Amino acid sequence: MPAPISLDDHEALARTVLDDNAWAYFAGGAADEICMAANRQAWNALRLLPRVLRPTAGGHTRVELLGRTLAHPILLAPVAYQRMAHPDGELATAVAASAQEAGFVLSTQSSLLLETVARAVRDDADRGPMWMQLYLQHDAGFNRELVQRAEAAGYEALVLTVDAPCHGARDRERRADFHLPPGISAVNLATLPPRTAPVLRPGNSALFDDLLHIAPTWDDIARLQAQTRLPVILKGILHPDDARQAAHLQVGGIIVSNHGGRTLDSAPPTAELLPRIADVLAGHLPMLVDGGIRRGTDVLKAMALGASAVLVGRPYIFGLANAGAQGVAHVIRLLRDELEIAMALCGVTTLDDLPDDLLI
Amino acid sequence: MPAPISLDDHEALARTVLDDNAWAYFAGGAADEICMAANRQAWNALRLLPRVLRPTAGGHTRVELLGRTLAHPILLAPVAYQRMAHPDGELATAVAASAQEAGFVLSTQSSLLLETVARAVRDDADRGPMWMQLYLQHDAGFNRELVQRAEAAGYEALVLTVDAPCHGARDRERRADFHLPPGISAVNLATLPPRTAPVLRPGNSALFDDLLHIAPTWDDIARLQAQTRLPVILKGILHPDDARQAAHLQVGGIIVSNHGGRTLDSAPPTAELLPRIADVLAGHLPMLVDGGIRRGTDVLKAMALGASAVLVGRPYIFGLANAGAQGVAHVIRLLRDELEIAMALCGVTTLDDLPDDLLI
Amino acid sequence: MPAPISLDDHEALARTVLDDNAWAYFAGGAADEICMAANRQAWNALRLLPRVLRPTAGGHTRVELLGRTLAHPILLAPVAYQRMAHPDGELATAVAASAQEAGFVLSTQSSLLLETVARAVRDDADRGPMWMQLYLQHDAGFNRELVQRAEAAGYEALVLTVDAPCHGARDRERRADFHLPPGISAVNLATLPPRTAPVLRPGNSALFDDLLHIAPTWDDIARLQAQTRLPVILKGILHPDDARQAAHLQVGGIIVSNHGGRTLDSAPPTAELLPRIADVLAGHLPMLVDGGIRRGTDVLKAMALGASAVLVGRPYIFGLANAGAQGVAHVIRLLRDELEIAMALCGVTTLDDLPDDLLI
Amino acid sequence: MPAPISLDDHEALARTVLDDNAWAYFAGGAADEICMAANRQAWNALRLLPRVLRPTAGGHTRVELLGRTLAHPILLAPVAYQRMAHPDGELATAVAASAQEAGFVLSTQSSLLLETVARAVRDDADRGPMWMQLYLQHDAGFNRELVQRAEAAGYEALVLTVDAPCHGARDRERRADFHLPPGISAVNLATLPPRTAPVLRPGNSALFDDLLHIAPTWDDIARLQAQTRLPVILKGILHPDDARQAAHLQVGGIIVSNHGGRTLDSAPPTAELLPRIADVLAGHLPMLVDGGIRRGTDVLKAMALGASAVLVGRPYIFGLANAGAQGVAHVIRLLRDELEIAMALCGVTTLDDLPDDLLI
């Protein structure tokens, strides 16, 4: 297979590198993967209407986000168990992100300690934002402790995933009989006390009468905000009214996401909801987006629809599988380069105030 | 082939289990099977717009139907000659439905006596509704007797199929030269007196001048209602005006159906007509729906469009072929589980009063 | 290959019966065959919304056309050189049409004498209409003589093809290097005097400066009407204004056609134009249609859109190739049976006054 | 492989003639080639609504363009390095264009000297327009000299490409590791002084802080117009406001183009923008178009949308690869013939004032 020169090339190469177990986990989506495919199709269906002969010298990809200036608007989305993709796991990802000035979001289910990852890049001068993703657990004390660890380690924001109160119908994983390989686990959850499951009566639902009792609610968001000095970012919002509620709570930002099509198959593509949510937020809250972004043109489209920044997930995992930190860095570099090319060809010099008629 | 973990997996596995003759009968549709495919596509094309961070603990899938509370809204549609799929035939289906608290509808063309099937599950405490499907035959006395047998056996409703006054252009069956295997027949029709066909003159049509003389009409519905204390449910309605007429006759309910694409190829998908018929019925009549439902998300979509309950046909027959009663139960279980997951991910706790904006 | 039970089956079987030369001629369309494919897709895209429980006994497929009552509205379109498909050629077609009470239109380029074909069926009591298709030739005397021969032989209408002033970009034929096999020719044109081609100067066009000088115009229609007592039917009209002009000339009828996609690739499908032309004609002129009709449901859709009758071309040629007259008869029979089934399933008893809401 | 009888046939044949390196260069587009495919789909999606029985004798394909009468509206778009396709390169192209009365546009990156090419055809009586394409270079003196050479050689217009301030994400080329074969180079740029690249600081962009400093702007257009007596035609305009600006500058004309899908993947197809730009120009400026034109019907559609003429690129390069000048001539001839056929079948005699309802 020739050297990858696009994100899709990285995916094709990773298919040959990863075993079936890891592939099912990283590449799969929920059920019939209609949502996963729709994410990409939605970006592809948007068209850019370029302007010509405009002066573009001195243009740049910089954006402002949560009080920082980022070199570019590309962040790495939280993905669990990255040592399944490469022995260096989340460390390679963090190092590559830093080298490419990209932000990254460490998963709660990281296969390396959050402190280990933070320590490796925290002090890099040019690195992008370093955020920590949370799944609230059944033990309030543990949650508080985890937040404190994240703060102490230097994470700059908490990204709370809100679109996965339960596991989706992850058919690919079940078909592959997915299991964590020996030696890989959610090490940051190692001290989580075991949960005493309630006794279910006949007719009870393991979901509604057990698991969903510990799913986070809006009240938990307020509680979390009170517990931390870090901005809390909600990941997984699709409904404009939920965006409104997030704004009402003055959270740090939201990520418009359908979890890469891994939770609710049938959820609409993020590109479709983005403009409606942008209308609701009216710029009062940073709005990020992920799901199916594979090209620099997709990044530009997202920004034109009002995004503050974008996240990519699977593509950098494929880069990680292919070549460790270098692979991750290559994926980011490809996206950055394509974004610059797209801007130049569209005649825009900055990602702020993109013209309304850039999309057709 | 790995163990099935979705309804489509059951279909793929059943293809390897059933012979060509049975496969053509169970899996085929009319003509070019455009309608059959459109049924699925119409569900797939609907998208669910999830809400997040809502309390969902204590949610449930229960629905009210014809004076009973059902554990969930999934029923098994009438399918003929089930002993072609598995030696246990309709008995396995009824037992599995009961174990999974699902309703079932026995076909007039059942390959087992309606009394045998009823006896096996009638007294199960948690079973769902037990309904009997009817094709009105040419002999009024026989029809009356069949109704009385159904009443005596404990069936709770009569489901009259109204969309098949004649056989559709069932090309797959004809290509496979479909025939009933030895030992399998419509045993409940064994005592039906033979029909004296009229003498057709040149230019007469075997359809218009013979067979359609015995097809049921609205007058027959009123007559049937007068003959039975059971609610009469009309299966196969697509036109809103026919739904209006059904409501006028105060039937027990209607099933929006195109016979799974087995009669009129070119009929629209049921998902498309559902909202228009819901408008007409305005809640005065239970409205069920079948046709292409293969996922818990499809069930949720149907309920969001106003359905009182849904029926599945082919999928449980494939489960039956694969593993008898256990296969049928597995198919129902998969759908139930997926439905609960879909509800949880959408932030809804009950199937009543689903919000208007659940579908986008 | 199993026995054909649909028109598509006949096509698949004919592919194995016809040689590449004949296949290219009969099965091919113009250029990229977009129009040919669009014809079928347009019928498929229309959906029938069935009514249930209506009395349909005594229904029938009869239609009135040009003062005659036809048993059904299916006619055989003119196709040239049918002895390439089967040794019996147009004779088999005429005999089968008569046996199935279908009308047929003999091509000017018939491979058998128009008198031979007419003689075989003219006196059949139950036969459908017998029409003669014309391409006006460069010699007015010859044209007049051909019309007189058609009248004398008993043809009941003249069908003038107006959508082929020149050959289309018939790529399949050119790729196959199509040629008439020995012994097959347009025998009815045998006495046509050779044409003296004009001398083209540099920059002249063989088309505009030669061939199109002999293409028919509206004036020729009036002239032809004056020469014959037979109704003149114009075949190949798509533009509503051309239909208006035809009505103004009080021709015998029009056939909405794009020549089965064999002339102008990019022409719209006939199903799409049918309602607009029906509006223009307002019933003052018989309106027939062809192009992509392969199912009884297609016939019913055409009638619901206002057609007086329909024509099929390629399908009966494939039947002819497969089994001579019996194959042609089988094709017509399949369509008739499917039409009756479609009517019964839609709850309609006659093709007159089909309800507006039959199509959705 | 049989002799090509359509432009697509030429493409298929060329695939077997060209090596992977040249194929990637000539056949490829940007990124996922969505734009390249959309160009063709957009022409295909337009339909022609033919008129019948109109007198078409004496029709012709002549058009007026920049003060000349052209035999037909087909020009050859600028394509670089044609000696990669055939040893005769641009010379064969120019000779074939002349023989077929087609205009041609020589690329700045021609693999033969612009004087050599011009000399071969300049004095042909019936040749079409002879234009020279420009990429403005970093050296103003060189640009001026190149313009003077083009004027001296007899070129009649300068075509400035404005949609490629930088290279697109040309994935196919990168996958094929594209390189110019020995002996092939942009000979007309041989005297271009080397550029002193600026020293980039960390965080600088090779694009925005270097390359785009030399990209042309509207000011350069005015400057170029002042330097030459030739009309300046802008190639690569898609945005109606850019067309307005071009009209304001009174350039010689514009070419609506997305560079054949080779620069910005995601750009809309040219057929879609054509009517909007025609509205803006209101006939005050010649408007040409390229991108995906493969059929005579496409040419007619472009003219019906208001184009003054059309250009084709890849198809003639494939003809060149297949058979040198004869191949190029064949490609033009096929298009001309198809255009005449399309006109005849649509009942139009001239490309001026095509009726509004020709497209549906």
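Going by the order they are written in, the chains are A, B, C and D; count residues from 1 in each one.
The rule is short, and it goes like this: a contact is a pair of C-beta atoms (placed from the backbone, for glycine too) under 8 Å apart; a residue touches a chain by one contact, two chains touch by 3 or more.
In UniProt terms the chains read A, B, C, D = Alpha-hydroxy-acid oxidizing enzyme.
All figures in this text were calculated on a predicted structure; none of them were measured in a lab.
K.L.:
Copies chain A and chain D touch; is their interface built from the same residue numbers (over half shared) or different ones?
P.N.:
Answer different: the two copies use largely distinct residue numbers here.
K.L.:
Which chain's centre, taken as the mean of its Cα atoms, is farthest from the centre of chain C?
P.N.:
A
K.L.:
From the C-alpha centre of chain B to that of chain D, how far is it in Å?
P.N.:
One centre to the other, that is 60 Å.
K.L.:
With centres defined as the mean C-alpha position, give me the chain A-chain B separation in Å.
P.N.:
42
K.L.:
Do you know which chain A residues sit against two or more other chains?
P.N.:
Not one residue in chain A touches at least two other chains.
K.L.:
Write out all the pairs of touching chains, ordered by chain label.
P.N.:
Per the contact definition above, the touching pairs are A-B, A-D, B-C, C-D.
K.L.:
Can you list the chain B residues touching chain C in their complex?
P.N.:
Touch residues, chain B against chain C: 31-32, 34, 162-169, 171, 174-175, 177, 202-203, 205, 207-209, 212-213, 215-218, 220-221, 234, 236-239, 241-242, 245, 263-268, 273.
K.L.:
Write out the stretch or stretches of chain A touching chain D in their complex.
P.N.:
Result: residues 2, 5-6, 8-9, 44, 46-61, 71, 126, 295-297, 301, 337-338, 340-342, 344-346, 349, 357, 360 of chain A touch chain D.
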